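For reference, the structure discussed in these notes is given below.
Here the chain labels run A, B, C and D in written order, and each chain numbers its own residues starting at 1.
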Amino acid sequence: MKQALRSSEAAERMPDGATVLIGGFMGVGSPHRMIDALVARGIRGLTIVANDTARPGLGIGKLITAGAVARVITSHIGLNPETQARMLAGEIEVDLVPQGTLVERIRAGGVGLGGILTATGLGTEVEEGKQVIEIEGRRYLLELPIRGDFALIAAHRADYVGNLEYTLTAHNFNPIMALAADTVIAEAEAIVPVGVIPPDAVKTPGVLVDHLLGRAA
Amino acid sequence: MNIEMEKIGMDPKERIARRVAQEIVPGTLVNLGVGLPSMVANYVPAERGVFFQAENGVIGLGARPPEGMEDKDLTDAGGGFVTAVPGAASIDSAMSFGLIRGGHLDMTVLGGLEVDENGHLANWKVPGKMVPGMGGAMDLVAGARRVVVAMQHSARGASKIVPVCTLPLTAARRVDLIVTDLAVIRPGEDGLTLVERAPGVSVDAIVEATTAHLNVPDNVPEMRLD
Amino acid sequence: MKQALRSSEAAERMPDGATVLIGGFMGVGSPHRMIDALVARGIRGLTIVANDTARPGLGIGKLITAGAVARVITSHIGLNPETQARMLAGEIEVDLVPQGTLVERIRAGGVGLGGILTATGLGTEVEEGKQVIEIEGRRYLLELPIRGDFALIAAHRADYVGNLEYTLTAHNFNPIMALAADTVIAEAEAIVPVGVIPPDAVKTPGVLVDHLLGRAA
Amino acid sequence: MNIEMEKIGMDPKERIARRVAQEIVPGTLVNLGVGLPSMVANYVPAERGVFFQAENGVIGLGARPPEGMEDKDLTDAGGGFVTAVPGAASIDSAMSFGLIRGGHLDMTVLGGLEVDENGHLANWKVPGKMVPGMGGAMDLVAGARRVVVAMQHSARGASKIVPVCTLPLTAARRVDLIVTDLAVIRPGEDGLTLVERAPGVSVDAIVEATTAHLNVPDNVPEMRLD
């Protein structure tokens, strides 16, 4: 059984400079309470791994605006002009990774693979500096795993042992990121007693979750 | 070209979307990019039994929800509210891109900045100017069974169909079809072939508006726009 | 919407010598009707990819006993003495693959990866003949994708468009195998109207399923 | 050794299972192999909040179901009927082995055919004789944070703890602990160290029953078997 943690307490446990996987797609299915708590704590120098940086004032965009981020590993920053401006000004380092490669690299980090071979990115800038491996006459890029010190996960419902359910397009990177960090912090819209989420509906087993944010005050 | 568009009483984007919709095979899985490509769904009748995928996590993407019934957890890849059709499935990003990269996606429709005589697409970066990132575009072009580029023929007076892409490529793969407001063009081993022209647009006008070399057959029929 | 197919019709479509992925773990979550139909059809020369060969008289064990199988790619044959006997007699070729590597190789085949790097099998017989790739001082085996001509999938419930639900320990290899074959044939304990399985409960989207066996007569 | 076992009124397998159960840390995720290792669960009180994983697809494996209430779709990795505890999760094989290989499994308990002075385990094949296959054993030994081997000290009078494994290895990794009916032995950089002896069993008897070299400290306490 998990102890319910306040978002401010959770944010205190995260040091400046940490590598943080953050769920969500344009703010949908993002851990908004944890993001707000990190902004409030004034955290600095983060490496963020996330699909995108949302928009200014939304989700991960708040961390960008707050100056909390030193580096982003992401697939898309097109809807956040502030990320682009800070990148061009040299304030944020941005590593652009194809979305499918990004999620597979995080999964590889989570399930103990040393790397994966993919055709995505061949013949593009993504190929630069990477090892190319030929198998039966076809070329593939060797892409390496990504892991975080922390993963911040947003779920639809959690139960007391930390089992998580997601809904609709709010799944996105969350179930994969929950596999790939030393410390996994989940926030859910509702926390229900054990047994309310049936075994077949659990998408992230509670054994993966280290901390659960308590009911929003 | 805008004058001609107005003549036939149809917005150029609508023309493109209607023409692309004809490419969609009944009972298949199709991904539509953000922006213009997403308009294609409006012209695909429900009876065709097509499932649209939004790469952010739903198979069976539906139209806009009724006012006031939007669900914050159901959006398309552009972040706009959508619905889910009966028989829809929620999927995470690993499954979503597993479908795209594993050859399960029958077709993708993407916007473009440039397409060249090799059929190469560039659509994710303008160095030093605009760097939105590739999002899912590189996966889609590398993985989808069929790639259709839907875009305006020109931007600010300059042809987007060029001899060789000057912008960074999205993939080494040759796309399968280009649909613009002026023409339908098929890339192949022997370069780009003009296969259809927009209603009221002459072959000469298309060739003039295109910096890439176009193979022009004797007969170039007009697009059917039903 | 799928057409309901009889198991005998489905079996007729499968040629001798095909490579067939078959779900199940010791017969639990195996496509028993399709297996029976293949035995009845007298199919020969199959390459079976499956976690195990169950027991004589159970699940995949029936195909072994019927002499339908030329080769098995599997993690475990210990509970089927007949597989072992036929292997030692040279009648069946058996490729033993660690269970986690087997499922990842099938997944790689299903999601378009050219291969995966894993530490499982290093320093064992599994390493023999494989490429070893060193990354940041750690060694990994390069394991290649597996795909089938057919995948035979057992599900708990299906709906009319082929969306599948699984239950408890009857998931096992089924959701992964459904990604990795040219033709996917699913049998379910019940077929329900579209909408009865909500989007969040779908584990195999219907777009992956080519044929659905009709209600058992 | 059977005479001594009977003296203390406990089956050798039960002794092993009870001793291994003491290794299990509250609140962790543990995988128990088929056979003897699966008996360990009987001696882990529910209050410890341990989740047992069956690699065929459940986290939160429970005891045997009541007679007549068995579910054909809920078994352990040996195919035997089990229950699921409250808070259990169903998982597919990719997630199951993702947990095992990704470092999420705190401990595994496996049977063994041989363990050697390097701490290497052999437990999946007797060439020419018995080839059950490795099942999940190679993944478990390569991936679990802690590997405990639970086995009888000898088979048909021959020591199973040997200088160098003669059977094919399960992994190159050194296991963390060996628990037999006679002893608890810890493999390390400097070989095998005898850390506990079964009640009523002398150090000399253990050394005599073991073909591998054992480091023997001055004080080798008796196993506590609560």
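The rule is simple: contacts are C-beta pairs under 8 Å (C-beta built on N, C-alpha and C of every residue); 3 or more make two chains touch, one makes a residue touch a chain.
Just so it is clear, the model here is predicted, and its values are computed rather than measured.
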item	value
Intersection of the contact lists for chain C and chain D	A
Whole-Å separation of chain centres (CA-atom averages), chain B against chain D	57
Gap in Å, rounded to a whole number, between the CA centres of chain C and chain B	36
Geometric centre distance via CA averages, chain B-chain A, whole Å	29
Residues within chain C bordering two or more other chains	104, 107, 111-113, 118-119, 166-168, 199-200
Sequence positions of chain B contacting 2 or more other chains	58, 84, 90-91, 94, 97, 101, 143
Pairs of chains found to touch, sorted by chain label	A-B, A-C, A-D, B-C, C-D
Footprint of chain C on chain A - complex, ascending	104, 108, 111-119, 133, 135, 138, 140, 142, 144, 165-168, 199-201
Chain A residues within the chain B interface of the complex	25-29, 51-52, 74-79, 84, 87, 94, 96, 98-101, 103-104, 107, 118-126, 156, 166-176, 203
Residues of chain D touching chain A in the complex	29, 49, 51, 58-60, 84, 86-91, 94-95, 97-99, 101-104, 143
Parts of chain D lying in touch with chain C, wherever the complex brings them together	54-58, 71-79, 84, 90-94, 97, 100-101, 125, 130-139, 142-143, 168-172
Contact set on chain A toward chain D in their complex	1, 107, 109-113, 159-161, 163, 179-180, 194-195, 199-200, 202, 205-208
